[in-house]
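My questions all concern the structure below.
When the chains are written out, they are named A, B, C and D in that same order, and each has its own residue count from 1.
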Amino acid sequence: MSTQQDQIKRIGVLTSGGDAPGMNAAIRAVVRSCVYYGIEPFGIYRGYEGLIENDVEQMNAGSVKHIIHQGGTILKSARSPQFKTKEGMAQAWENIQEHELDALVVIGGDGTFKGAMEFGNKYDFPIVGIPGTIDNDIYGTDFAIGFDTALNTVVEAVDKIRDTATSHNRLFFIEVMGRDAGFIAMYSGIGGGAEEVLIPEKDRGIEQLFESLERTSKRNKSSRLVIVAEGDKNGSVYDLEEQVKEQFGDRYETKVTILGHVQRGGRPSCGDRVLASRLGVLSVEALRDGKRDIMVGIRNRKVEYTELDHATKRNPKMDKELVRVADIISI
Amino acid sequence: MSTQQDQIKRIGVLTSGGDAPGMNAAIRAVVRSCVYYGIEPFGIYRGYEGLIENDVEQMNAGSVKHIIHQGGTILKSARSPQFKTKEGMAQAWENIQEHELDALVVIGGDGTFKGAMEFGNKYDFPIVGIPGTIDNDIYGTDFAIGFDTALNTVVEAVDKIRDTATSHNRLFFIEVMGRDAGFIAMYSGIGGGAEEVLIPEKDRGIEQLFESLERTSKRNKSSRLVIVAEGDKNGSVYDLEEQVKEQFGDRYETKVTILGHVQRGGRPSCGDRVLASRLGVLSVEALRDGKRDIMVGIRNRKVEYTELDHATKRNPKMDKELVRVADIISI
Amino acid sequence: MSTQQDQIKRIGVLTSGGDAPGMNAAIRAVVRSCVYYGIEPFGIYRGYEGLIENDVEQMNAGSVKHIIHQGGTILKSARSPQFKTKEGMAQAWENIQEHELDALVVIGGDGTFKGAMEFGNKYDFPIVGIPGTIDNDIYGTDFAIGFDTALNTVVEAVDKIRDTATSHNRLFFIEVMGRDAGFIAMYSGIGGGAEEVLIPEKDRGIEQLFESLERTSKRNKSSRLVIVAEGDKNGSVYDLEEQVKEQFGDRYETKVTILGHVQRGGRPSCGDRVLASRLGVLSVEALRDGKRDIMVGIRNRKVEYTELDHATKRNPKMDKELVRVADIISI
Amino acid sequence: MSTQQDQIKRIGVLTSGGDAPGMNAAIRAVVRSCVYYGIEPFGIYRGYEGLIENDVEQMNAGSVKHIIHQGGTILKSARSPQFKTKEGMAQAWENIQEHELDALVVIGGDGTFKGAMEFGNKYDFPIVGIPGTIDNDIYGTDFAIGFDTALNTVVEAVDKIRDTATSHNRLFFIEVMGRDAGFIAMYSGIGGGAEEVLIPEKDRGIEQLFESLERTSKRNKSSRLVIVAEGDKNGSVYDLEEQVKEQFGDRYETKVTILGHVQRGGRPSCGDRVLASRLGVLSVEALRDGKRDIMVGIRNRKVEYTELDHATKRNPKMDKELVRVADIISI
């Protein structure tokens, strides 16, 4: 094993795809683990785009000073259509050789891992992925970096909206992020004390919402919050508002809020910082141990390695018990 | 004067119009000042609506326990078209007589004060107003209750958006509240470090924005935030985005965020709590001193009484020096 | 099973011991689950103290409206020496019979569960415990309610202290809560980017701290944060400061901060709200299913029942991997 | 005037004394104003210490990118005993000449301004001061940079402590900063809804506290918060606790929290950012206009210039009306 471990002398690290709070904590852990193990760390800017454009810089413990609490990513991020081309990949490979990198740690989501897999296979190059996305839609880890912070950001916003909703007896539709997944909506719906949560994984149709609103309009409940996942099948929050207006007239005064990109930023939560620190250390150790083409994750509080192929092809399941809990306590 | 002071034995307090953080601190101060001066305080729910529907409750020091830090208003708020009718006013007057109220403290904005003025004149009834609106568009006070909290909410959101904007080199249009006034936009634009602030009071046309974007697209500045007041004359943030896309194509990757109702809620800032506490005390003391048809405000750190007539007819001016400061530091 | 389920018609709920953010979310979930299952919920104030003094109130869905986001506990908490006496217990039992309660849900930590166990055994009465303590020192659940929020509170404070530490090149000793356990210190140490973490579970003696400070005083590192668990074996933070001053003289400018009771309060994090909501539902369902003398917990994302006897006698272990991660990234 | 304005070609900026949130926003505004007016800005690290050690660096608009929201000061701060010596001053003067600086902007408090005054007089060198201290104890400005943020930090902590105080019916003594001034205590006492505020400017003796506690112990008020300024004349919070214990025995369960250095850090509030931005611009313009030996401040929303001599010799007065308001609403 020691022979393998000596083979990794230089590691490049990049963040790619949508940014997520805690990515900086992960970068910091990767860089410091490298220093700890006598490996030279290199920062690659703007994801695969920077790899192609040779936007690469040697890093050291000082490069990652005072970033653990900062949102965003100091390495910046980008989506790189070029990296899907033969020429783009070839150029990236040239730059990797120029810097004599022995391995890559890539931090991001599905798209990031797909690119890593293709590139790693093509050039027989060791790559380890770290799951970072507020959407939490990555198979192979209980939570992705950024999810916990996004949840806190959302419930904080929901708390604020509840203040004004309650003061005016209003019905709010609040759209949250999550792409095709309803994780942000489901967790923040429970945590925010929402009366309804609409997610793509559990489409019950608009009728169920109508029924529920029918019941409460009779009970004269003071205000109502409906959390809607952006991937929900019943149309946009504006469509929903329109349909509710048609159905209920002025029995409900409705408002719409799309939380938008505030969900991507902000100081990472302690949970995300700890998760990112662990995964950063584990990614470097995995490379030293000869692992490649895998994603490091934490499941049931233990490290888990998932082949990138699986991580990208499978989807994590919505926890049915959470749906049940949401139904029971939103009565 | 002591005769006057003895005439006020029961005071009703209500919040009306859009809610604002700090209204609870004002209610608390009104109620506690009443208790301090041996006056019986009555809470009127849902503004003038509750006055008409006799939704009135006697209060005491205990009724306002642990509310100073809560957003929204425990008395709830509403807009009341009924109060503009003769019948509505008559019903309100009946209820006031039933509860033997000697005066009202009304917390809100322009609309609230207009209603107060008409009603006070019609029935020769003493009313004192307290300015509470995040829009800060009230003449006669440096700041209205809620403005400072809204600013902090907005810059916190802007800080988060900057995290992701910087990570991706994006141009964000962020719409903030303020109705016809640009105060939230101007202050949060400076405080948020925005590159551009678009406000109705200083319409320079879309060309100026284009020029500025032209300059920076050459300097390759990493990200740009444009704060847009909802009352801005150049159209919605979506219109702006569209125009910028047409003009600049893919030289800018644009995004839009409408902050919406989160700006109305949240724990009030210390500044708003202190302001609300002062104005609450001053409103009760003004009534005891025989004042009526006035709004209490703080100007230059001193109490100021403004006739409701003036408060509603005049508009506060945008501070030119702020505009100048914004121009200088956004280079 | 249905017979069992019908036997539980009235459930009392109380919070006891040190309060923790999220307890309100748990109370809310217990009460709403009761309503959902047709059980009458009763709130018992001030823990066992209120049970003895018959400070008991029937609750309904409305009693727990708008509390999910509030710190503290609306049922209040207390430590009850009386409940350890025969007379105290007898009085409590009398009150339980008076209200015809069929079971209790007790929310708290070790002391709470010990009391529950004795009482439950003595009177053959069904009790289910929910783990709520910021210290996280409860066996049988991955996390106790309040821990996640406390971590976020601590890292937020640490972030602030880092601002001033960095500006002045200072060495800070920051004492955090946790009683005999170092969980808050270890997690917040990693999350806060502390250079050193001193916990009771891993006592390395003051010499190791000296060595580390020796190294960095040579490297001229700009500032240093040392997180100290209150249960640490090397004395109080003031003792530590004293010893470092003696050893290093003016090579370090030292400061001490004891975070104190701010760690117990505050709006619960989304994670704590979701955890509390799940455990609240599960506790009521456990009672309906005839379970008793157990604590409901979540381990590896699944419900787990632990006998109260075990929960109080065993201690959760400090995760060794976390200690390792902390060592690697604090270089 | 244009001749004068052309004389200032290079300006040095430094932060000195205790750091305060918003100092970075002030540095940013100074640097950007310089760029705007064609002046070259130089950053001096660690206050006068760095001036003596020639720790000076040319800055540009990019040097102050993304710092407006950061606590602390990127230029760092220090207290410099050396600067009080003839040799220290001479060395500083030499470095100023080496960098061909034409003027200084110094950001800090009393001590900072005294040093500036002596140095400016001795070498006939133009210096302008910007008031930055959370203690707000500077004459010549309504508010100093950092005060507003510290207030929000304190009330947020007080809100958290109230959660746990209320849950346990406890009496808390909370010590806040402010040196000899009670501004933080008075404002945060009102904003935090404290039952008592003890400040050096209004020493009523321990007896008054006893009387008040006597009254409320009879009324059985659920919890009590006493905010104590660090400069209060009745001894430390620990002394106070001791005296209350002696007087009241177990009628009150007491706790002590010293908020400490968290008050110095954190993201600046919007108010502090706007204030700092204005003062930064004004300081550079004052120098261009030939002003020297003055501090720029904002009074009654307008710029005000105060001779450094006055700023250091006089003390701002505690607003009597605030004391009155605190008394009325804490009944």
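What we mean here is this: a residue touches a chain if its C-beta (ideal position, glycine included) is under 8 Å from a C-beta of that chain, and two chains touch if they have at least 3 such contacts.
By chain, UniProt protein names: A, B, C, D = ATP-dependent 6-phosphofructokinase.
Computed from a predicted structure; not experimentally measured.
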item: Both-way neighbours, i.e. chains that touch chain D and touch chain C; value: none
item: Chain centre separation (chain A, chain C; CA means) in Å; value: 28
item: Chain B-chain C separation of Cα centroids, rounded to whole Å; value: 39
item: Cα-centroid distance, chain A relative to chain B, in whole angstrom; value: 36
item: Per-residue overlap in chain B, given as positions that touch at least 2 other chains; value: 159, 162, 166
item: Pairwise chain contacts, counting only pairs that touch as defined; value: A-B, A-C, B-D, C-D
item: Sites on chain A touched by chain B in the complex; value: 15, 19, 21, 70-73, 76-78, 153, 157, 159-169, 172, 255-262, 264-266
item: Contact set on chain A toward chain C in their complex; value: 28-29, 32-33, 35-36, 61, 65-66, 68-69, 142, 148, 151-152, 154-156, 159, 162, 166, 187-188, 190-193, 222, 267, 269-271, 273-274, 277-278, 280-281, 300-301, 303, 319, 321-322, 324-325, 328-329, 331
